[in-house]
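Look for chain A in each of the two complexes below; its partner is chain B in the first and chain C in the second.
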Partner chain A sequence: MKRYDAIIIGAGHNGLTNAAYLAKAGLDVVVVEKNDYIGGAAASREMHEGWIYSSCSYVCSMMRQAIHRDLDLSRHGLMLVPYLGTVSFADDGQVLKLYTNAEVEYLELRRHSPHDADSMHRFRADLTRYSQLIRKTLMRTPPDPVSFKPRDIKELLFLARQFWTLGEREIYEYIRFFTMSAAEFLDDYFENGLIKASMATPGIIGTALGVCSPGSAYILLHHVMGDVDGNIGAWGLARGGMGAISNAIASALQAEGGEIRTHSGVQQIMVRHGKACGVVLENGDEINAGIVVSNLDAKRTFTQIMDRKDLPPGIYDKARNFKIRGSSGKVNIALSGLPKFTNVPENRYINRGGLTFTGSMETLERAYDCWKRGRWSDVPFVESVIPSAWDPTVAPPGKHWMSNFIQYCPPKLASGPWTPEKRDAFGQTVVDRIERYSPGFRDLIVHMEVRTPDDIEKEIGLTEGNIFQGELTIDQLHFNRPFPGYAQYRMPVKNLYMCGSSTHPGGGVSATCGANAAREILMDLKRPNTVPQDDCYDE
Partner chain B sequence: MTQLGHYDSIIIGAGHNGLVCAAYLARAGQRVLLLEASDSVGGLASSREFHPGFKAPVAHSVNHFSKSIAVELGLKAHGLVIDVGSVPCVGLSPEGKHVFLNGAELRGVSDDEREAYARYSRQLQRFARALEPFWLKTIPRIGPNKLGDMLTFGHMGLNLRRLGKADLREFLRVFSLPMRDLMDENFDSDILKSLLSWDGLIGSKMAPRSPNNAVLTLLYRMVGTTMSGGVGALVSALEAAATAAGAEIRTDARVQRIRVSGSASGLRATGVELGNGEVFEADWVVSSADPQTTFLSLIGVENLEIDFTNRIKRLRCKGYVAKLHLALNSSPTFGGIEDSGGRMIIAPDLDSIEFAFDDAKYGRWSEHPVMEITLPSVHDASLAPPDQHVLSAHVMFVPYDLQGGWNEATRDALSERIIDTIERYAPGIRQTVVGRELLTPADLEHAFGVTGGHWHHTEMALDQMLMMRPTYEAAQYATPIPGLYLCGAGCHPGGDLTGAPGHNAAHEILK
Partner chain C sequence: MNKADPYAGERLLESPFHPRQAPLNLREAWSAWNGYRFAECYYDAEYEYFCVRNACATYDISPMQKYIISGGDSEAMLNRMVTRDVTKLKENRVTYVVWCNDQGRMVDDGTIFKLASDRFMLTCGSSCVAWLKMSAFGFADVSCEDVSDKIAALSFQGPTTCAVLKRMGLDGIETAKPYDIRHFPFGRGPLMVSRTGFTGDLGYELWIDPALALELWDRLYAIGADYGIQPYGEAATNMARLEAGFIMPGMEFNEALKTVHLEHDHTPFELNLGWLVDFNKPHFNGRSALLAEKQRGPKYVLTRLDIEGNKPAEHSWLYGNKRCTKEIGYVTSAMWSPAAKANIALAMIRSEHLKGEIWAFIDYAKELRQYSKIARCTVKDKPFWAPGRARATPPADF
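Then we have the complex of A and B:
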């Protein structure tokens, strides 16, 4: 029977990236995927005839350009364009239209608050500065802070030096930023409720924290530290939907001779003599390999597809305690025409931008309160985009596709399990929310697909439907991700690695976790490194 | 204006930290004047009569005062017995299945849970001990430091390293956990979870699901010593220690302004001005008032750099704890409790705390308040007439700025709601209530001059701790105004009755 050099479990974008870099180094690799499509949560699927949905993830900002360039993803068909603006809707009918045009944006901010218009420069500058430091760590393996290995000490010194060069004042500001809530952080800059709310929303996307929870300021940063085409903080769209990213990486992988097998869910990781040596598929087939790389989340990897007796003591409990909380829903809508929004003109900025139904800080926080109580809010935060307004490949001519991301949606309801009726009711809440700002919206709906965290878990395999494969709180970041002592992509069983968003630097379609894991694997196998350095080092 | 003599140090505010600082400075031979705005010493720890014959201190238990300060100041000679053992703590259950915790002894839970507690407690104790020495040290600034400063950092690193690999890793993960996660990882019993979370949350704007700051607060409260006689005895002993060392204490002396004079070499604090026009001069002015009061009203922003003023203004100072005092004409009976000398916690599960917090976020108090109850008169008979008692309740979470504002009606409604809640656990207690007093955070601000009515003067949060408390440039007790020092809960290490800020400030001044 054929024995591969490496099996990668899960054809999400990180698994594909990992495989591509291993294949590039000459390894014989196979990616096994349980679904009949690849991409995991970064997939484009025809869920209604003629319409292509980015069924889960819908926006791209974290993708590292070094990887994009190195794997030549553009040649493999990937095209990313940045958003041109964002429109936020308040509870009282006010609309904030932020376009990527400095003069227009300033005037628009002034309309709401002259004070905040002036503060925006300071806010953006501070955020960018904070993000610079984190960006430097993205494509580096976190050091083990308790180790005396030269490599770990060297990396710790690198981090210390980065911190040190910030200067005393900045270090304190940094610590403050890192630990406080998005609400308190924004209070330092803004006075206008709508401006605050619209700036706060990245602080809650995908996380089981509210705008008032300490730690949400970091989440905010996590969403604005990426870049599209060199614009730091920009969000972008992929032509053809998010699947275009996975498909391009898959194409790069196949060009290097890698293999992808769909319909191949993994039942169990095989461990012999304390070493991972292959997988058993759900259909009973065994595949042998020198190493096994799991792109599944940490909880699923250690509690579902591994035998507890194969794990060293304590690991099972660490995995069980790993925080991976479902908090987001998704509603994909096929439309017969482009919706119009009250008080919002039609222009290219809006067509290629985001729509956020934010309300106020209190609306956002109350939505979180509902999640804590096992309900969805009647006034949820909805973040939407209509990619078809710019991308002709995702909907039939003249028709449109709207992606709606909802924060929050509980994985389990206090009233009992999710049922189709409850799912529909949740979907209607979202439509109601949009209809309020776009009279007649409901009549444009041709098809609608609603996803709760429960649905996301069942289809994609993300535990609780958590989009980051694990909460982004200090106890699960950097050298603590996924567990203290196992942050260097090597897992407690020999020859077993992880390459998903459960590892540093966490969630987002960044391809970084997969690339970082590949670098570590190649080091262990004493193969030349194929993973590029990031662009932003100023060593 | 009358000039009234020159002192080495003037300390503003005779709270327990002011008293500790005064005692240390006087013992070092300084001529010290301690000025207190109210008519008695103790600040939030002073005992006040709230109903004829009934007295109560706002801070209602002493369970982690610094032992070395107690020994150094000879509090024993002033009538205190230290190290009297742990304060018993009971988690009250609506069904009467209370959980009793007294030091290492845990009752009312399963054997598994007891074992889990032993494990949990051993590990947290190790963390708490590793941090303990630094609560009594000035934490240096980050930057080019003197050798001594580097040694403090080195010592800190070494102490943490000595925990061993496994424990240090766990510390670096656990320190930022929300209480809820820490509890869920270790325990099953709802009452036990609330009981053990309490000390990580009370006094701060934190609910069980809030990350980053709660575990550090808990570790901070796990060290120190207990004392006989309650809060009143501690305050009298500190007052006696300060007076015996030669410090002069004046009550009813509200400081209106700290005098700042300028010269070619810059500004300097030279003394204080009282509300009645009296002026005292000193080489050192030491404020135990909260940082916002000290800088924004006593010093005045005209004497400060704008950047510094901004940082002081953005300190998070709104309190979330209200205090209810009840005068009881008989000894209250809590169902299933024999010894009511300890702390009793009403919070049936972590959600009850979380949801109470949710109400406070939006400026309301909860219909289901969670609270900690003590009977201070059990330990200090002078607080109530014979055979009668004082009940003291710390109620989380009560907002400083209530929606619609605080008035008699809203205060009465809250008091009634709290008494109803207590009645559930101590049936019949309502009939024994002969007097009551509710102190909302707004009342605490008014009565004790502490901004926002915040127990800790400003939030105990990672970004407002260590060399960042209250803010950089004022965290080593010295401030940007030469001659002006801070010694209150707004400095490292923070709030509660520990004596540490007063001690550390005195050491800096005497350097």
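Then we have the complex of A and C:
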């Protein structure tokens, strides 16, 4: 029976990246995927004839350029096209348009608040400074702060040096930042309600925290530290949808001789003599391998596809208590035409970016209150984008596809299990929210796909539908991710590794978790490293 | 009140497409080309570049110089002038050519359109009336007419261009191969379409009577709206052409007739355009000098470089060692390529050093402070960007 060098469980983009780098080092690898398509949450699928939906993730900014370049993903068909700006809608009908051109954006901010227009400069500078520091850690393995191994000490010194470059005052601010709420952080800069609210929304996306919850300031940073072609904080679309990213990585993997098997859900990770040695598929087939790499989240890996007897004491409980709460839904809509929005001019540029139905800080917090009570938000925060306005490949000419990300939506309802009726009602809440700013929107709808956290968990396999594979709070970040002592991609069972977003640096279509894990695996196997260095050290 | 503009004599000319392009130039970013007002960018150079790579976009090439060379001797005259064998060019086909002075130094590059057996159109970046007159000397049956102001032209580039032209009713345009010319009726006149461009992508160039220019624009933009159409300027063109590895006068080469210092101009071999020089055809300008150069080998060779890191190597010196003591050449154009996700450059490198190590000394600024880095360069044989759709016939719809 064939024995692979490595099995990677889950063909999400991190699993594919991990496999690609192992294959590049000459390893015989196979990626097993339970669905009949690859990409996990970064997939493009034709859900209505002529319309290609990016059903889950819908925007790209975290993807590391160094990996894109190194795996030659452009040649494998990947193109990332930047957003032009965002439009935010307030409760009172006011609209904030953030343009790409600095002069024009300043004028628009001044229209809302001259004070905030000036503050925006300081806000951006501070955020860029914090981002640059975090960015330097993305493609590095977190040190174990208590191991005292030379490698860990060296890495700790590296981090200390980076910190030191901030200067004394900024170090204080930076430490505060990790435990602050987005609201407190923004109070330092802005006085206008709409500006504050629209800057706050990255602080809640994907997390079960509210704008006033401690820890949401870091989430905000996590969402703006990415870049497109070196422009920190910029966002972009993958031409052809987010699946283009996974497909390009898969193509790079296959070019290195790697194998991908779809329809191959894993029943259990096999452990013999304390070492992971393969997997049993749901159909009963066994696949043997020298090492096993799980791209599933930490909770799923340790509580669902491992025998508790194979785990050291305590790990099962750590995994069970791993904070991975579902908070967001997704509504994908096929439209017969481009929607028009109240107080937004019709011009060729305005719809080539994000649309955020923000409301105010209070609306955002009230939306969170609903989630806490086990209901979807009555007035949800909706972050939308109409990719077809500038990606000609995802809808027929003249027709449009709108991606809507909704915060908040609970995985379990207080009223009992999710039903198709409740799902429809949730979808209608979202349509109502948009219709309020776009009269006639409802009449443009050709097809709609509503995805609750429950749907996302069942289909993609993300526990509770949490998009980050685990909350991004300081207790679960960097050397604490997924658990203290296991942040270097090696898991408590020998020859078992993790490569998904449950590991450092966390959620987002960045390909870093997969690449970092590959670097550690290759080190253990004494193979030459194939993973490139990041290219952001001199920014 | 009609008051004469006291500055009229100093104002630049306006292209036939100007009335449509001017209101779209939100940044008022104009430069000039051959006396015409000419957009540097309309909204955002990088955005316009992405329209070329992702959807479709128009670039006003009306200011380009266009000449009709006709008569029984026109083919022979052109064949005498340019280095490529023009007799091999079939009717309704286009070819890229360069022409040299007698020392084999490049005067300019351009394209020849064969419109009939005795009728050609030559296009080039700067005016060459005098050179054409000189080149026609001794040929009895040839006439050169400057039609630069008589033909409006739009370069229409990007993956959705073929779909738009099909929707415009240009029947059979999808069967046009690269460098093919097609003719269509348009309004009260003819529309000539060539599958050519300066972006390395799928694209066409549309040639029309200036009187019909706005009608063409309106039709293109009405249909193109659903296909992401956008005007783009010089800045985006420069990005696209560099990715495709195309040369630009004033960047990669000096036109020989405008060059002051000895050998500050270039031979086709130095520009890696040796494939355009055909020694098997009858005599042409610069033949013996070029033959000698071919045997001797050029001093410099224009080379495509992939440079580590992401700092564009604009104006960088190149060295043969990491310590940067052995200077071997210079960068002519450089940028971070968003499509290829690579730090790319075209560079002139002394031929004998092409095989060895190449290091770029890159200067860059960060908040007014100057920094520098030394980056390893790798020679690339192929263009940085060459999608299959640029050559596919018929092209896909996007």
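We take it that the second predicted complex is superposed on the first by the 536 of 539 C-alpha atoms of A that agree within 3 Å, B and C clash if a C-alpha of one lies under 4 Å from a C-alpha of the other, contacts with A are read in each partner's own complex, and residues count from 1 in each chain.
Definition applied: a contact is a pair of C-beta atoms (placed from the backbone, for glycine too) under 8 Å apart; a residue touches a chain by one contact, two chains touch by 3 or more.
From a predicted model like this one, the values you see are computed outputs, not experimental measurements.
Novice: Could you classify chain B and chain C on chain A, in the superposed arrangement, as clash or fit?
Specialist: Here chain B and chain C can both sit on chain A without a clash.
Novice: Using the superposition on chain A described above, determine whether A:Thr100 touches chain B (first), chain C (second), both, or neither.
Specialist: A:Thr100 sits against chain C, while chain B stays out of touch.
Novice: Is A:Arg176 contacted by the first partner chain B, the second partner chain C, both or neither?
Specialist: In the superposition, A:Arg176 touches chain B alone.
Novice: Regarding the shared-chain residue A:Ala160, is it in contact with chain B (first), chain C (second), both, or neither?
Specialist: A:Ala160 contacts neither chain B nor chain C.
Novice: Let me test your reading of the model: by the given contact rule, A:Pro214 touches which partner, first (chain B), second (chain C), both or neither?
Specialist: First partner only.
Novice: For the superposed three-chain arrangement, provide the angle chain B-chain A-chain C between C-alpha centres, rounded in steps of 10 degrees.
Specialist: An angle of 130 degrees, rounded.
Novice: Chain B or chain C: which reaches more residues on chain A?
Specialist: Of chain B and chain C, B contacts more residues of chain A.
Novice: Is A:Pro82 touching anything from chain B or chain C once the two structures are fitted on A? First, second, both or neither.
Specialist: So A:Pro82 only meets chain C here.
Novice: With both complexes superposed on chain A, which partner does A:Glu168 reach: first (chain B), second (chain C), both or neither?
Specialist: first
Novice: If you've got the overlay open, could you tell me the nearest Cα approach between chain B and chain C in whole angstrom?
Specialist: 23
Novice: Report, in rising order, the residues of chain A that make contact with chain B in one complex and with chain C in the other.
Specialist: Looking at chain A, the two contact sets are disjoint.
Novice: Quick one: in the complex, what on chain A touches chain C?
Specialist: Touch residues, chain A against chain C: 65, 68-69, 73-74, 79-82, 84, 100-101, 228-230, 239, 348-349, 352, 390-393, 397-398, 535, 538.
Novice: Show me the residue ranges of chain B that touch chain A in the complex, using the header's touch definition.
Specialist: Against chain A, chain B makes touches at 141-143, 161, 165, 168-170, 172-174, 176-177, 181, 184-185, 206, 209-213, 314, 316, 351, 354-355, 358, 361-362, 461-463, 467-468, 471-472.
Novice: Where on chain C does chain A make contact in their complex?
Specialist: Per the touch definition, chain C meets chain A at residues 27, 43-44, 46-47, 50, 53-55, 159-160, 163, 167, 226-228, 230, 309-311, 336, 338-342, 371, 373, 398.
Novice: Would you tell me which residues of chain A are touching chain B in their complex?
Specialist: 145-146, 168-169, 171-172, 175-180, 184, 187-188, 209, 212-215, 321, 323, 362, 365, 369, 372-373, 473-475, 479-480, 483-485
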